[in-house]
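Structures incoming, each one as structure tokens.
Each of the next two complexes has subunit A plus one other chain: subunit B in the first, subunit C in the second.
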Partner chain A sequence: MLHCRLVRSTAAHAEITAVRTGDAAAWPGAVAVVTGADLAARGDMAVLFGPVLLDQPVLAIDVVRYIGEPVAAVLAEDPAVADEAAALVEVDYAHLPAVFDAEEAFGSDTARLFPEPPERDPSFVDVTLRADHERNVCNTFTVVKGDVEAGFAAADLVFDDVFDSPAAGAVPLETHAVVADARGDRLTVWSSTQTPYITRRQLALLLGLPLNRVRVIVPALGGGFGAKAYASVEPIAAALSRVVGAPVRLHLTREEEFVTSTKHAMRVRIRTGVMRDGRIVAREATAYYNAGAYAVISPRKVMFGAYGLNGPYAIPHVRTEAHAVLTNTPPAGAYRGFAINQCAWAYEGQLDMIAERLGIDPVEIRRINLLRDGDTFCTGETLDHLRFHDLLDAAAERIGWDPDEPVHRDGDLVRAKGISCVIEGTITPSTSTATVRLGPDGSVDVLTSSVEMGQGIRPALAAGVARHLGIDPALVGVSYVDTDLTPYDQQTTASRSMYSMGGAMGRAADDALHKIRELAADLLEVDPADLEIVDGQVRVAGVEQQSLSLGEVVRRSQVGNVIGEGTLVTSGGLDPFTGQGVGSVHWHQSVGAAEIEVDTATGHVRVLRYTGGVFAGEVVDPVGAEHQCEGCLVFGVGNALMEELVFDQGQLVTGTLADYMVPTLEDMPRHHEFELMEDPEHGEVHGLGEPALPPIAPAISNALYRATGVRIRSLPISAEKVLRGLRERRESEQAAGQVDEVTSVGAQG
Partner chain B sequence: MSELQELPDDPGAVKLPDADGRVPVRIDVNGRARTLRVRTTQTLLDALREQLRLQGARSGCGVGMCGACTVLLDGRAASGCLTLAAVCDGTDVRTVEGLEDPSGELSRVQEAFLRHRAFQCSYCTPGFVLALEALLAVDPSPDEAAIREAFSGHICRCGSYSRIMAAALEVAGATDRREQA
Partner chain C sequence: MSTPAFFFPRSVAEAVDVMDSYDGAAKLVAGGTALTLMVQQRLVSPQALVSLRDVPGLGEVLVDEDSGLLRIGALVTHAAAARHPLVRRHAPLLADSLAVVGNAQVRSAATVGGVLAEADYASDPPATLRALDAEVAAHGLAGERTIGVGELLLGFYQTALAPAEVVTEVRVPVLPAGTGSAYLKYTSRSHEDRPCVGVAAIVGLADDGSCADLRVAVGAACDAPLRLGDVEQQIRGRRLDGATLSEFADAYADRIDPVSDVRGSAWYRREMVRVWVRRAIEQALLRSGAHEHSKERAQ
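And then the complex of A and B:
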């Protein structure tokens, strides 16, 4: 097996004028040095990939579009030798105009990432593209409801604000890793992907192989959080393996991980019209997603932001638009919470400014506006099973919300509470398939292509299948992913697996039970309709003594095993010009409340307590659910207070875990709790990977606002920004002589 | 907190590299004497993973910030990514693989982590387990503050901190604020 070390671009946007590989190739132990031009010259593989647009080169060809882009690969048996040889590759660049900010890149006259429009991957059918490569736009999505101009005309007050979220890293503790073996006429990859079937399709397209000759095996991952969705390192290892005719391993360093997939930096311009009684009557918002240099999944992601900007409120007149804009920064991809984090950061922050201006309590203004059963969402869907009001009331009670509670002061330390509410969809349409195999000894195999990455999908599926079959979960084994053996699943993202794969699994279990019933009817010489299956036992209804276990049925009927299959396909989708249609098969509803303490001398913010509430439908694995929520809290606290990929002219300056801070135990609130609201009658399982996350940063920020009057509009809430805000407030108070808090803070917009 | 190991007092203890740029080191790993030839730049983490195929210690950052690579070096928690294998000659190294007793029984700490399901992806788990083992070796009943201190250089990105603390407090014999798993 050969180890790969990549030579990465040091230019943000440039033509490659020369790549000198001679010294590297001559380095003792180096087996091969490969460039993008080498791959292109072979003619036996495609050299561009991407899940929607085929825009990303395996190794850069002619042009580099971000600092950190792979330009050449060095292979050696000893990874240390590959490292040494890689340092000897020299690349010359002729710089091109570069752009780093999404709003600047949107229609930029100076910087254009793609002179020609990239081709699209023909098999990605559910995304309608409104790309405009001349304006660096890889997709746009618009949602229109009612008549937004009329709404603003009727409003008593209009608020106009801009909110920013920076690029961030998902930082799975294990970085991306892949081994690819393209010997013979097959390709086998062992990959850390969250999207085995999409990755298989992407690799088949790249190497020109039929799907069934590409095998993707996925062992347990050391975290994913979205960053490992869609092919990224796999095409490189696969192409190199074909070149050298040996298995190739590529395991990213942390520095490389940071430039491989990021959370979209996003700017949101948001205008909201309200009546004096607190009703929101109009919203117009535009989101600029910084997609980075390649589209990856941004073309699909704009949909989530476009309807996400509506928030969980009944607003009669809405026009929201989201643009995914290419810039000379590392590609942004999937990230826990989709783009809903960035949307909520904007609309929930603005809502507290509105509440203050109107003199309405933040909890009350949400009660007034939250969606209720029967309301029409901005997508035209009539919503039901809404529990926002219950979730909000319960969270307010848990945090001890009191509209008249004064801010607590103790010297420089100031304490206050904040609240926030969020709506989020799950991927729709979507498809999962599953197989359940009953053995003659009563044990059960579950074959699934849902990826285990620590979120606990395997124990959760085992618990679900065991319950379905009425047997002990210890009898159920859940597979890891191997596309040669485990059936199709669309992807392990978007908090969809428990609903989608769980649903497919339930159908597969039912199918197996149906077959068991037929077999048992033959064995017992009765009509299948006279049989009942209770607690894993098949018996003639009412006759307890004549019963057979599931295993006995398999054994005695000599069928070897009983195989049940299940498929769950959800349908829906939204029109990209109007946003009308079916946005999501169910809606994640989430509320958060934080109590914070800010040190006004240092600007340092600590989260003392956090409580969240999520509508979970039905909780399958309570410990797993608790883990998912606490995981969201790690991300929420990190996003709120510390995490930011800082770029200087496209060069990442927070590229190690010594510079990029993620929460440790000490950064976490000492007290936290999550309510998982269930609705057993409705009996629908909702995923819990993400819904708890988006309210966290706005709740913390709103608490800071109540504590100090300082409104932070750009994440993270660093001590520096807080101190600056406090100083500005003091100065404007002095200038005004007497403070009119409302005008000095709330109305500036 | 993981600590950097000091260089041996006697400079003669560091051997000079051979023609391949490698030095021989004898390390007692999980109770077994092993002789390795390592590059002078090679980390202990790399030697354990690549040469000895002990993959319990993991790389998360390579710069001493995440704790995933923690091993016990002469009984003290150390970052495998910051420790050069070449200076480990004559040391005693224990990895998570070496915690179970010869009959295969897991350590108290491991049992507690399992009982509390104190992990999600478990990539960070060996680091937390060894940090706690190192602490317990010098303080059999540490209080919460001491445990927090021992975990301060460890990241669990999945967010299993509460259950990790619950497991640790149980082993430490301290009262647990949370109900058990």
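And then the complex of A and C:
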């Protein structure tokens, strides 16, 4: 096996004028040095990939579009040798105009990333593209409901604000890793992907192989959080393996991880019209997603932001638009929360400013506007099973919300509470299939292509199938992913697995039980209809003593095993020009409430307490569910207070874990609590990987606003921004002589 | 660019010799916490690494009664020094500043010699050692010399050490009884971040409650720990009331030439110096004997 070390671009946007590989190739132990041009010259593989647009080169060809883009690969049996040789590759660049900000890149006259429109992946059928490469746009999505101009005309007050979220890293403990073996007429890949079947398809397209000759094996991942969705390192390892005729391993360093897949930096311009009584009557919002240099999944992600900007409110007139804009920064991809974090950061922040202006309590203004059963969402869907009001009231009670509570002061320390509410969809349409295999000893295998990445999908699926079959969960084994063996699943993202794979698995279990019933009927010489299956026992209804365990049925009927299969397909989708249709099979509903303390001398914010509430439908694995919410809390506090990929002219400045901060236990609130609201009659399982996350940053920011009147409009809520906000506020108060009305003061940055 | 040679000298003199033979292309290794990162990120590419691991006598902590010096061997780790009873008794703020460095893994490897020799501006212990008027003993080709921490730390990653000079010991004058002292580390981002600003303060009060001794060093805010001797002088004999402390903190804030980095802009750093100088002195006052007396009297 050969180890690969990548030579990465040091230019943000440039033509490659020369790649000098001679010294590296001559380095003792170096087996091969490969460039993008080398791959292109072979003619036996495609050299561009991407889940929607085929825009990303395996290794850069002619042009680099971000600092950190792979330009050449060095292979050696010893990774240290590969490292040393890689340092000897020299690349010459002729710089091109570069652009780093999404709104600036949108229709930029000076910087254009693609002179020609990239081709699209023929099999990605569910995304209608409104790409415009001349404007650096890789997709646009629009949602229109009612008549937004009429809505604004009727409004008593109109609020117009801009909110920014920076790029951030998912920071999985384990960085991307892949081994690819393309020897012979097959490709086998061991990958840390969250999307094994999409990756298989991408690799088959790349190497020109039928799907069944590409095998993707996925062991347990050390975290993913979206960063490992869609191919990134796999095409490189696969292509190189074909070139050298040996297995190739690529394991990213932490520094490389930071430039491989990021959270979208996003600017949201949001205008909201309200009546004096607090009703929201119109909303117009535009989101500029910074997609980075390649489209990856941005073309689909714009849909989530476009409807996401509506928020969980019944607004009669809405027009939202989301643009995914290419810039010369590392590609942005999937990231826990899938654009909803950035939307909520904008609309929940603005809502508290509205409440303040109208003199309405923040909890009350949400009660007034939150969606109720029967309301029409901006997508035209009539919503049901809405529990927002219950979730809000319960969270307000848990945090001890009191509209008249004064801000607590103790010297420089000021304390207050904040609240926020969020709606989020899950990926729709979507498909999962599962196989349940009953053995003669009563043990059960679940064959699934859901990826275990620490979220606990395997124990959760085991618990689900055990419950379905009425057997001990210890008898159930859940597979890891191997596309040669485990059946199709769309992807492990979007908090979909418990619902989608769980549903498919339930059907597979039912199918297996149906077959068991047929077999048992033969064995017991009764009509299948006379049999009942209770607690893993098949028995003739009413005749307790005539019963067989599931294993006995398999054994005695000599079928070897009994296989049940199940598929769950959800349908839906939205029109990209109007946003009308079915956005999501069900809606994730989430609220958060935070109590914070700010040191007004330094601007430093601490979260003292946090409580969230999520509508879970049905909780399958209570401990796992709790852990997902706690994981969201760590993620959310990091996003809120410290996480930021800082770029200087496209060069990442916070590219190591000494510079990029993730929260530590000391940064966590001392007290936290999550409510997982259930509704057994609803009978649906909602995923819990993400929903608790998006309310966290706005709840913290809203608490800061109540404490100090400082409104932070760009994440993270750094101490410095807060201090600047406090100073500006003090200055404007002094200038005004006094404050008769609390106005919001924008912090810089 | 090949793998460096590795040496484990058994004496300081041998270490100096090996270092000298590489003529500046060798690096000493103590805890290795800083050096490993520098090598990994290719900030340095030494031809040889010279470990101090097997040099005897660099791991001791003792108090020299004659000179009144607390002597800490260069290889003593942050964790070991922070919990050492002699350090806690005679230089409690040094124990405090070592105990807040990074995280437990770093503290149990990083050494007191290494942190000074590294001269990273964003470190905690150097400011404290500067406030304590500590010195280091260093062995080089010309034999042993002592260097005050103020003279040792010249700027960003710059020290007065010669390429083949080994720090063997850190010498800290023992604080007189009744002295109040504190080290306050302020992190602007995660709790385990390096300091945005760190302030070490030492206060001794006269019987009449006026200031007999005030020493303040600000770390992590500029190229090397900042101490303003003239400002310290001016405050002696005065009462440390709120206005005086503000005046003092303002002097530090006004005279510092702060850095800008991901932990804070120069503007922010200056403001934080203002806040934390004052807070550190207040904290030191709380721990001073005078305060203990007044508490007793009040009871």
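The rule is simple: the second predicted complex is superposed on the first by the 740 of 749 C-alpha atoms of A that agree within 3 Å, B and C clash if a C-alpha of one lies under 4 Å from a C-alpha of the other, contacts with A are read in each partner's own complex, and residues count from 1 in each chain.
Methods note: contacts are C-beta pairs under 8 Å (C-beta built on N, C-alpha and C of every residue); 3 or more make two chains touch, one makes a residue touch a chain.
Bear in mind the structure is a predicted one, so any value in this text is a computation, not a measurement.
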Contacts of A:Leu633 with subunit B and subunit C, given as first, second, both or neither: first
Touching partner for A:Gly68 - first (subunit B), second (subunit C), both, neither: neither
Touching partner for A:Gly503 - first (subunit B), second (subunit C), both, neither: neither
Per-residue contact with subunit A, leading partner among subunit C and subunit B: B
Partner chain in contact with A:Ala87 - subunit B first, subunit C second, else both or neither: second
Contacts of A:Leu173 with subunit B and subunit C, given as first, second, both or neither: first
Partner chain in contact with A:Pro362 - subunit B first, subunit C second, else both or neither: neither
Touched partner set for A:Pro694, first subunit B, second subunit C, both or neither: neither
Subunit B versus subunit C as contact partner of A:Thr664, first or second or both or neither: both
Where subunit A meets both subunit C and subunit B, residue numbers: 80, 656, 658, 662, 664, 666
For the subunit B and subunit A complex, residues of the former touching the latter: 39, 41-42, 50, 58-66, 68, 117, 119-124, 148, 151-165, 181
Subunit A partner contacts - residues on subunit C that touch it in the complex: 1-3, 37, 41-42, 103, 186, 188-194, 196, 262, 264-265, 268, 271-272, 275
Complex interface listing, subunit A residues touching subunit C: 80, 84, 87-88, 601-602, 604, 641-642, 646, 653-654, 656, 658-659, 661-664, 666-667, 718-720, 723
In the complex, subunit A residues that touch subunit B: 79-80, 171-175, 220-223, 225, 253-254, 453-456, 623, 627, 630-635, 656-658, 662, 664-666, 668, 672
